[in-house]
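Shared between the two complexes below is chain A, which pairs with chain B and chain C, respectively.
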Partner chain A sequence: MRSQSRITFYLLLTPLVLWLGLLIIIPHIDMLLISLRERISFGVYETSLAQYEKALTEPLYLRTFWRTAVMSVLATALTLLIAFPVSYYIAKMAKGRLQQVLFLLCLIPFYVSELVRTFGWMILLRETGFVSSLLQWVGLADRPVEMLYTDATMMVGLVYTSMLFMVVPLVTTLESLDDSVIEAGYDLGGSGLSVLREIIIPHAMPGIVSGCIVVFMLSLGNYLTPTMLGGKDSLWFTEMIYNQFIVRSNWELGAAFGFMLLVLSSVIVWGMLWLTGRTLKETMG
Partner chain B sequence: MTPDLECVDLVKRFGDTTAVNNVSFTVPPGSFFSILGPSGCGKTTIMRMIAGFLDPTSGDIRIKGGSVLDTPPNKRPVNMVFQHLALFPMMTIAENIGYGLRRRGMPKPEIARKVDEALDRIGLPGIGARKVDELSGGQKQRVAIARCMVLEPDVLLLDEPLGALDLKLREHMKVELKSLQAAFDTTFVYITHDQSEALVMSDQIAVMSNGQFEQVGKGQDLYYRPETPFVAGFIGESNRWKGRIERVEGDALQLRTDSGLAMRATGAGLAQGARAEIFVRPESIRLAASADALSGFDNQLTGTVTSLLFNGAASRVLVQDDVGETLEVTLPQSGEFSSLQRGDAVHIGWGAGQATCFGAA
Partner chain C sequence: MIPTIPQSRSFRILYGGYVALFFLYLALPLTVVAVFAFNDSQFPSLPWEGFTWNWFFGDERPQIGVFHERGILRSVGTSAFVALCVAIMSVCVGTTNAFLFNRYEFRGKAFLYVLMLLPLVIPGIVLGISVLVFSSTLANGVWDMAQIDIQALRPGLLLVILGQFSFITTIATLVISARLQKFDRTLEEAALNLGADRLTAVRTITLPFLAPAMIGAVVVAFLMSFENFNTTLMLVGSDAPLTIAMFDRLKEGSTPLLNAVSLLLMLGSSLLALMLILFQKRG
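For the complex of A and B:
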């Protein structure tokens, strides 16, 4: 009986161990080893920190690295600002069927692939696109307007792509807030703003933090949106990783970039948790 | 003296349904006023209108003489203890109690002093730093009241706050609420569907049904002198029959129930031949072993015990009389009837004054 339950336990554990081991741990160890070597000549490698040195001294690399981090944080903040009222409306103000329909509307864009969605934005925003034509027709512009390939366009794309991942945790936490707690806030003399600040936001904090973590990681690791909507100045760090691995075949530098991104996202996520005074366990469990 | 709370011709309609229909009442300062009614009768709607979460369709709400219809809930001198208390789980007990004072912009040291004072008053000194979920049901109850009372409202509204507590604690809190009300000397408006809560605590009770007040009065008035069949049936328990009036002498009536039981009863404004509804409480029927003991009662019957419903002090016997009518009779716990069994013959009797009669359709 005892040994049988042990076998069941190991059988259930196997997929997890395989998944973690084969797809996460082994590739990362290998990547770390690749990033720590330097090519001396054909087929001859030497262990060194040269790749990291290169990445941290070359202005283009460093600039892209920080730009990606800052833009991702900005995209996360914007997504939160837009998603919070939407989620509040869905969770607290919409009732019954309307609530379900609105929630579904948030989900529907994800029925099509990210590539197709991004093309949708390009169709809308290009020089001969819908928005440009509309502006000319209304008379706000006297010639075609190019709205693609700017940071703002890229930001729109990033926020749009991340929306659902912010709305879902927010709606879930806001729904668990009893209406009478909000009413009690007003009843005891609170204004709309103070009820929001002292009652609603503290209650929604787990949802805000987990939503922000997911959105931040998605933005940081996004490849399609910055590549397609961003301009020539909007180089994203993931594009540089792709370039090193695929275009330049410089796996060593690509692996070092990959590790820098991993460290960056870990530092920012832990920083976010530390700032809000939460532990990962509280937020995810 | 200006009443603390006054509702005038209050009406609230939701679409086609009228939740509150022309309700008027006044609550004198420092009194404990209850609105008692079955769920869905509109009592919570009244409370939410007083608190300001709903706007009345018509009518007026006055607090200390001034209309508050244009005052938003956060500015009304009224606070509410919610059904599930609605303490703020993200704050400590002290922060919960101090919330309203912070909103008023009171300086911190003064808030701390007032919070400590309030905690002393509710008998829970030194728990300020604790979290809400570390408290027991009864403690949360008291904190919810203290959270409102530090604001010194003119009227405190309580929406079935004892509903979530278990029976023993509920009994205890009834007494405690009443003494808290006396200690704070504030007008309480209490909403409940539990008549025992209303009867024990209130100075005045309004019995509500289908959006209207049936009767407003002291507990004794409602129990001894119900004015409508609804009140007679809702407050306490009753044996009820329908019948026809055979003879009228002032308030004294002679009537016969549909099953053929003849009895004497009292009721005003009823004519001979009219249909009537009769209510007799199980506790006003006297149980006796011999007919002699009942000579003073207007109504006397003999019957057999068909069932014993043991419930401690509230035990009942079901007695079936000769015409086949079954009556619920309170079983006295004085020892006299401890050997009573199913099938025993018993005598029962009650006075005409204990049989209340209302005209029926």
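For the complex of A and C:
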């Protein structure tokens, strides 16, 4: 019996180890190694930090890197600000059937491909688009207005794309807050604002943290939205990775960019977990 | 701020209005995509030129509908094939992972669990390039040693499947683990007492209990794979899945054909999603 159990254990362990080893760990180590080499001549490579040096000294690369980081943080903050009142409404104000329907309405758009959602924004906002025509018809504009290819449009798209991943954890944590606790807060003389600050937000913290982590990750790693909605100046870091790999075939530099993106996202994710004293297991699992 | 606490009328109206605006924001892009699929014009934009089914069923230029457009139909087939492979593989590995983490205590378990979660916090595009880099290292290694070119390791469907599998498995594991945790172990023990061997007990008692979660994981994995863009973009070869094919066309300029494809996609995925939600409510 004992030895049979051991065999089962190893049989169950094998797929996990193969999956993580061959598709996650070794490929990332390989990517790191590629990023640490420099092409001397055809087929001859030398280990060096040249790629990282190039990435950190070229103003365009560095600027794009920080811009992507800052814009992703901004998109995360905006998503949280927009989603919080709505999540609260779904969790606490709406009751019964309405609550279920509203929650479902939040979910459905996100079963649709991100490409379709981005396409929708393009139809709405382009020069010949819906909003531009509407503005002319109402008389607010006397010629077509181009609203695509700006940072603001890109932000609208980024917030839209990751909204679900903020709403779901927020609704889940807010639902678990007992109404009587809020009532007690009011009974003890708290105003709406102080109840929000002292009771509701602390209770919703786990949801806020996991929502923010996922939204930040999704924004940072997004390729479609910045490419299709953003302008020429709003180059995204993922676009640079794509360009190095597919357009320029400069895998060494591309791998270095990939690693920088990975480090940036890890630092921010772990930083947020550390600041709030939570573990990855609690937040994701 | 709960219904039992009285609030001023204007606050309630303001709050309700905000929530309504939010849902308008959610619905607007999808609505315009759907509506312009029926526009009798070459462009998915105003002015409205009248209603037509041509972007679905048309078979003459310039309005060739979805059902007569070879390239699109082929890419739908490719996507479905990839999604099916990814769904089956990830649910199989997800199930063994769930049993491993639920039933065994071993050294390094916590560490392995965190490792298992990692694919969720790695950007999709980085997952894509790491698989691309590693597979080509392998292919080059084999070429240097034996002068054999393994086409499967070059960008193409196998790599797309593996790349998507690498992170969808984490989600399948989480879905199936959540259900396995609720399983009452004494049921399995009862089966063992009644003379079943371990495998029979798991097969006849535990797996049927897990079935709803496994079916749910298959559907979720299928949808995620079908809609995946970032990882696929880095690994795609000559036969493009639907999202990539649509992206290429979108870059060239769009016709309402893309709206028609999008509408069908929306209908398909919301139908699957609704079925899943109803199914889970019952289960």
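One rule holds in what follows: the second predicted complex is superposed on the first by the 273 of 285 C-alpha atoms of A that agree within 3 Å, B and C clash if a C-alpha of one lies under 4 Å from a C-alpha of the other, contacts with A are read in each partner's own complex, and residues count from 1 in each chain.
Note that a contact is a pair of C-beta atoms (placed from the backbone, for glycine too) under 8 Å apart; a residue touches a chain by one contact, two chains touch by 3 or more.
Every value quoted in this text rests on a predicted model; they were computed, and no experiment measured them.
Novice: More residues of chain A are touched by which chain, chain B or chain C?
Specialist: After superposition, C is the partner touching more of chain A.
Novice: Determine, under the contact definition given at the top, whether A:202 touches first (chain B), second (chain C), both, or neither.
Specialist: First partner only, chain B.
Novice: Now for A:183: first (chain B), second (chain C), both, or neither, which partner does it touch?
Specialist: both
Novice: Looking at the overlay, what does A:194 touch: chain B (first), chain C (second), both, or neither?
Specialist: So A:194 only meets chain B here.
Novice: Quick check for you: in the superposed arrangement, does A:92 touch first (chain B), second (chain C), both or neither?
Specialist: Second partner only.
Novice: If we overlay the two complexes on their shared chain A, which of chain B and chain C does A:59 touch? Say first, second, both or neither.
Specialist: In the superposition, A:59 touches no partner, neither chain B nor chain C.
Novice: Let me check the overlay on chain A: which residues of chain A are in contact with chain B and also with chain C?
Specialist: Residues 183, 186 of chain A touch both chain B and chain C.
Novice: Which residues, counting only chain A, touch chain B once they are in their complex?
Specialist: Against chain B, the touching part of chain A is residues 178, 180-181, 183-191, 194, 198-199, 202-203.
Novice: Would you mind writing out the residues of chain A in touch with chain C in their complex?
Specialist: Checking each residue of chain A against chain C gives 4, 8-9, 11-13, 15-16, 19-20, 23-28, 30-31, 34, 82, 85-86, 88-89, 92-93, 95, 102, 104-109, 111-117, 119-124, 126, 128-130, 133, 160, 163, 179, 182-183, 186, 192, 195-196, 200, 213, 217, 220-224, 228, 238, 241-242, 245-246, 251, 254-255, 258, 261-262, 265-266, 269, 280-281, 284-285.
Novice: So in the complex, which bits of chain C are touching chain A?
Specialist: 1-5, 15, 18-19, 22-23, 25-33, 36, 43-47, 92-93, 96-97, 99-100, 104, 106, 110, 112-127, 129-134, 137, 162-163, 165-166, 169, 174, 177, 198, 223, 226-227, 229-230, 233-234, 243, 246-247, 250, 254, 258-259, 262, 265-266, 269-270, 272-274, 277
Novice: Residues of chain B touching chain A in their complex?
Specialist: 51-53, 72-75, 78-80, 82-84, 86-91, 99-100, 103-104, 147-148, 151
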